[in-house]
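Both of the next two complexes hold subunit A, though its partner changes from subunit B to subunit C.
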Partner chain A sequence: MVNPKEIRDYAAGLLEQGRVKSVIGYRRGTAGCFAEPCTLTEPGEAGSLVWDPTCLNNLALYLVKDRKQQAASRTPDRRPIGIVAKGCDSRAVAVLLQENYFKREEVVVIGVSCEGTGVVDPRKLKNSLKGRSALKVEFGGGESIRITTRAGESELPAREVLADRCLECREATPKLHDVLFGESLAERGYDAPFRAVKAAEATSGEARWATWQHHFDRCLRCFACRSVCPLCYCPECVVDSTSFVITPQTSAEEKANRIRWCERSANTAESALYHLTRAIHLAGRCVDCGECERVCPVNIPLRLLNTKLEMEAFEQFDYQAGRDYDRPALISSFRDEDPNSFIR
Partner chain B sequence: MTRRTGVFVCHCGKNIAATVNVKKVAQELAKDEGVFFSEDYVYMCSDPGQGAVIDAIKKNNLDGMVISCCSPNLHEKTFRDASELGGLNGFQCEIANIREQCAWVHKDIGKATEKALKITRAAIKRVQRNQPLEPIGVPVTRRALVVGGGIAGIQAALDLTDAGLDVILVEKQATIGGNMIKLSETFPTLDCSQCILSPKMVAVSKNPKIRLMTQSEVESVSGFVGNFRVRIKTKAQYVDPEQCKICDDCTAVCPVAVPNQFDQGLTNRRAIYIPFAQAIPASFNLDEEACLGLNPVVCGKCEEVCEAGAIDYDRKPTVTEEDVGAIIVATGFDLYGMDKLGEYGAGRYKDVLDGLQFERLCSASGATGGHVLRPSDHRVPKEVVFIQCSGSRDPENHCAYCSKICCMYTAKHATLYKHHVPDGQAYIFYIDIRSGGKGYEEFVQRTMENDGVVYLRGRVSKVYQKDGKLRVLGVDTLTGTNVEIDADMVVLAQAMQPSKGTAEIAKTLKIGRDKDGFLAEAHPKLKPVESVTAGIYLAGAAQGPKDIPETVSQASAAAGKVIALLSKAELAHSPAVARVREPWCTGCEMCVDACPFEAIELVAGKARVNEVLCEGCGSCSGVCVRSAIDVKNVTQLQIHEMISAILA
Partner chain C sequence: MSDPSQEPQKFEPRIVAFLCKWCSSAGSDLAGVSRLQYSPNATPITIPCSGSVSPLYILSAFNKGADGVLVSGCHPGDCHYMEGNYLARRKLYLVKELLQFVGLEPDRFRMSWVSAAEGAKFAQVVDGFVKDIRTLGPQNRLRR
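The block that comes next holds the complex of A and B.
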């Protein structure tokens, strides 16, 4: 099991030696037992770092935020950043590197293996505790989670409370890392990859259409899914004309003639277009960190859309985003052996 | 500012008008916003049609023109030129394809008319946002590369030097001459192949404007029409052609024997060899794979006996980079694999030969010194069966196409056989006789009448060995009887297929291939020597089965095209190229990977387009999730409006 002290010591070391300007990690949050992301700049703060199954967030997002900040800054600070990364966080960092969003030497990846478990799904946790609130959630070793409530300590099989994405996770240990804490387990006894999307695909087309219409109808267009996604880093989102970037180079013509592929109003058709475009733009890039689904205030199962495309990428092109970062990006490359049955 | 757009709808005779209500399309469009002129005309591409375009622009002061007609492949240039004459920038004229993409593929007049309206409306929307563009001038390199040293490559190279151009001739084998130099005589005049080809080969070697690179292959090509950069890989030249005196001392000591590919495997040669006496370059060569001497501990005999000191085992392969303005691909053909015709005993029985092997038997420089003898026992064959369409015209099992030259060369083989063995009997199994060509039909008739060759219309089902003979089971469909012939030799007129390596060269040069693997011409009728890539031309059997006169014609045609291309000081490059919207670009490099022309590079973290390399294909625009790259006059906004117009 990973001892959080090791992570703290390593982070403190990085800061002390001046190898990084800051370390992005998790600390105890203020909302119940869950951890929250934090940025440490002083070695003395490293003691606040935690590592447990409540470290839900994909921290790669904060690398993107830093990069945007530096790009806008008059005095950009380009010193490297350290980042505590689970398997999925590391995959996101890998895709960002593959897309040249920053350079390899600008990030120090402190890899942490989820080993036999992963992070909890707050909703599942709530259900399994039948309304009581957890005071502490820890790794129980092996495939179990130890939960402390007012009633005392108990151990649950991880399967009951793990987030769906963790159950289907193919790579709980970060492949891309500068240092790795925890063991890499080859076999994890959870769901087969793409189980949920395969189950959803087994239903009839009409049923699927009805389901998605229902979901898209409920979408508030709050864009939380886009805000939390570390790979939705475009300065202007093509489905959102309100984020139109105006710079000194923007011509009058461009300002006048900006394209509205999709309107902002939250009606079913426009929301469907937004979500489908987003899913397509993440094809071969989505690392299945499940953040979009977690933050959705109306519980739209967004992972299904993204994992469907990841499944196609994997089954058709033998490509896994974040894992095959040494290859050219899926959508921009062509190999002779690529399937071409669609050409008649 | 309101754009003033004009529309012409073409009838194309009945091609479009039969399915699309052309008049209605023109009338409906006249009501559209921004359309100041809309008419139909029977043949837009005719002189009065083009004149109407010029007049309409002048009279109505138009700033955009849409011609609703056939594919832009055919007449985009015609109407852009006409628009220029009318005083409009050519790039403000667009084509709406209502023939190939509408009239020809539909039957219902009502629906087709509706579709034609939508296609044209989309083009109107597009043209209303088109920018006037000026062609980009690009200087040219006045040199050419010819790939393949067969008769096609030789002819093209010689023609190019006649026009004063420098030529690099690249050949994979140790000598030029290709397949033609292996032939004994050529139909229909029966002149000796070597006699007519070797003077041309010598001319190549003596020509100071030709740089001949044998044992070489094109490794990569970058650049574009007028300015290609090619990397040519040459195998290690263990024998220095300058120093080799062709004294033949080395072959006497070489302990290795391997099949001689110049004799189609009928004879053996040493690991150090000269392909044939008239080979160009006139030098011995060392077969890297067969030679033991590359490990001096094992052998090294030839180096010891070479008085000229021409042999050096330490030579390494070299890579040369050359700049050329145009490329002619003449990589020729191979015969269809004998291993694929097991039912004819091919590859199993020594006396079942392919066409080229039979040529080597007849040739004076061949395996048997010009006597037709059975490879198995060196006896004179008294009955020979020739089987045409062996692998050709058989879509179920082999090649679907007709290899075109087999009818003629089989007739020639039978004639040559009769010349060598006057008391022998030749039988030819055929499906049809295709003898189109000057003097060809007469040649076949002579073969039938003067040489008494028995032509049997039908196919052979099986060839097997029995009592030292080859029993051929076939059918004569004209008499409706089964035929059994006990032959001494069987010659298969194997199908022609693109030479080994055609797929790779096509990929390297980024030119297409057709369904049979031959190099694809840009247009089957009107651009038969151009490849789909500008500046790359095709010649010879690599483009499709053809005989020597046709190959020579095509080679000269390709050379003519190159001469015309390189006669200009500057080439005009289409200005409809990609443009980066820098604030949106995050430098993810996806467009760099996707660009098939290597036209995009990252400069200071942003994509930058080399306008001269860019062909405006839009691959970059397709992969950019940030829509930070657009092709001029096909911008996202235009596409969006075109889609909206079609869906309206």
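The block that comes next holds the complex of A and C.
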């Protein structure tokens, strides 16, 4: 099992030697027992780093945020950044590298393995504790999670509380890393990849539409799912007219004439357009970190849309985002044997 | 979008057809000059290459009330830009799968390879598509 002290020492070392300007990691949060993302700039702060099943966030997002900040800064600091990365975080870093968002030498990936488990789903945790609140959530070794409440310590089978994406995770150990803490386990006894998508596909088209219509109708268009995604980094977003760049030179006419593919009104049709566009824009890029689904205030099962395309990419084109980062991107490559029979 | 054809009258499918200018668009032209009779329900939009079709075009067409969307390009190996149609094939396969996954009827989106010499095939593709859409009825799922 990963000893957090090793991560702390390594992070402190990086900062001490001046190899990085900062380290992005997790520390104890203020909201219950959950960890929160943090940026360390001094070796002395490294003691606050933690690594446990409450480290939900995909930290690659903060690499993107830093990039944007440096781009806007008058005195950009381009020194490398260290980042604590689980399997999914490291896949996101890999896709960002593949897309030349930054260079390999600009990031030091401190890989941590989820080994036999992963991170918890706060909703599942709440249900399984039946109203009590957890004080501490730790890896229990093997496929179990140790939970401390006021009533004492207990071990739960990880399957009960793990996030859905962790149950279907194919790579719980970061492949892309500069240093790796924890063991890499090839076999984990949870769900087969794409289980949820396959279950959804087994239902009829009518039933699927009924479900999605219901979900699209509920979407608030708060764009939380877009904001949290490490791969939704475009400064201008095609589905959101308020993000269109306006400079002092932009004329009223230009503003009026910009194509608005998607209106901002939160109705079923526009939200459908938003979600389908989002899914397509993430095809071959989404690393299934499940962050979009986690942050959605109305619990829309967003992962399904992304994993559907992930499954097609894998099954039809033998492509996995984050694994094949040395290959051309999914959408900008082809093979002669790609499916053709659907074309008349 | 206001729709004047709300009164109960015969359903006429509205199809948006994205046609590559190097092949299918010329194919539709050939169908015309050869005086072939085929359904007038497809609105052609000429595009530089099937590879230039953004998924947004398709989603947007459905959003704005298309009953069916057709993308037609050059046969594999014949792309004017060497590989545009291969890229289109992969990209639009994903769009097709996604649309079906959320429950749009599979017959509403179609792709075809039609060369500049295949006027008759073009007429046949459009006729077949219109016939299928007629059985499905109007597309109300994704339209605003």
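By definition in this document, the second predicted complex is superposed on the first by the 331 of 344 C-alpha atoms of A that agree within 3 Å, B and C clash if a C-alpha of one lies under 4 Å from a C-alpha of the other, contacts with A are read in each partner's own complex, and residues count from 1 in each chain.
Just so it is clear, contacts are C-beta pairs under 8 Å (C-beta built on N, C-alpha and C of every residue); 3 or more make two chains touch, one makes a residue touch a chain.
Predicted, not measured: the structure shown is a model, and the values here were computed from it.
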Subunit B versus subunit C on the shared subunit A, clash or fit?
-> clash
Could you tell me if A:Pro328 is touching subunit B, subunit C, both of them or neither one (first, second, both, neither)?
-> first
With both structures superposed, pick whichever of subunit B and subunit C touches the larger number of subunit A residues.
-> C
Which of subunit B and subunit C A:Thr247 touches, first, second, both or neither = first
Check whether A:Ala224 is in contact with subunit B, with subunit C, with both or with neither, and answer first, second, both or neither.
-> neither
So, A:Trp261: does it touch subunit B (first), subunit C (second), both, or neither?
-> both
Check the residue A:Glu99 against both partner chains and state whether it touches subunit B (first), subunit C (second), both, or neither.
-> first
Which superposed partner A:Glu236 touches (first subunit B, second subunit C, both, neither) = first
Would you mind checking which of 2-10, 38-46, 92-100 or 128-136 on subunit C runs into subunit B after superposing?
-> 38-46
Touching subunit B in one complex and subunit C in the other: list those residues of subunit A.
-> 238, 261, 331-333, 336
Given the complex, residues on subunit B that touch subunit A span 129, 507, 581-584, 586-594, 602, 605, 623, 625-627, 636-637, 640
Any idea which subunit C residues touch subunit A in the complex?
-> 55-56, 59-60, 63, 76, 83, 86-87, 89-91, 93-106, 110-113, 125, 128, 141-144
Report the residues of subunit A in contact with subunit C in the complex, numbered from low to high.
-> 197, 200-201, 205-213, 238, 261-263, 267, 269-270, 272-273, 276-277, 279-280, 283, 304-305, 308-309, 312-313, 316-317, 330-334, 336, 338-340, 342-344
Interface residues, subunit A side, partner subunit B - complex = 99-101, 233-236, 238, 245, 247, 249-250, 254, 257-259, 261, 281, 328-329, 331-333, 336
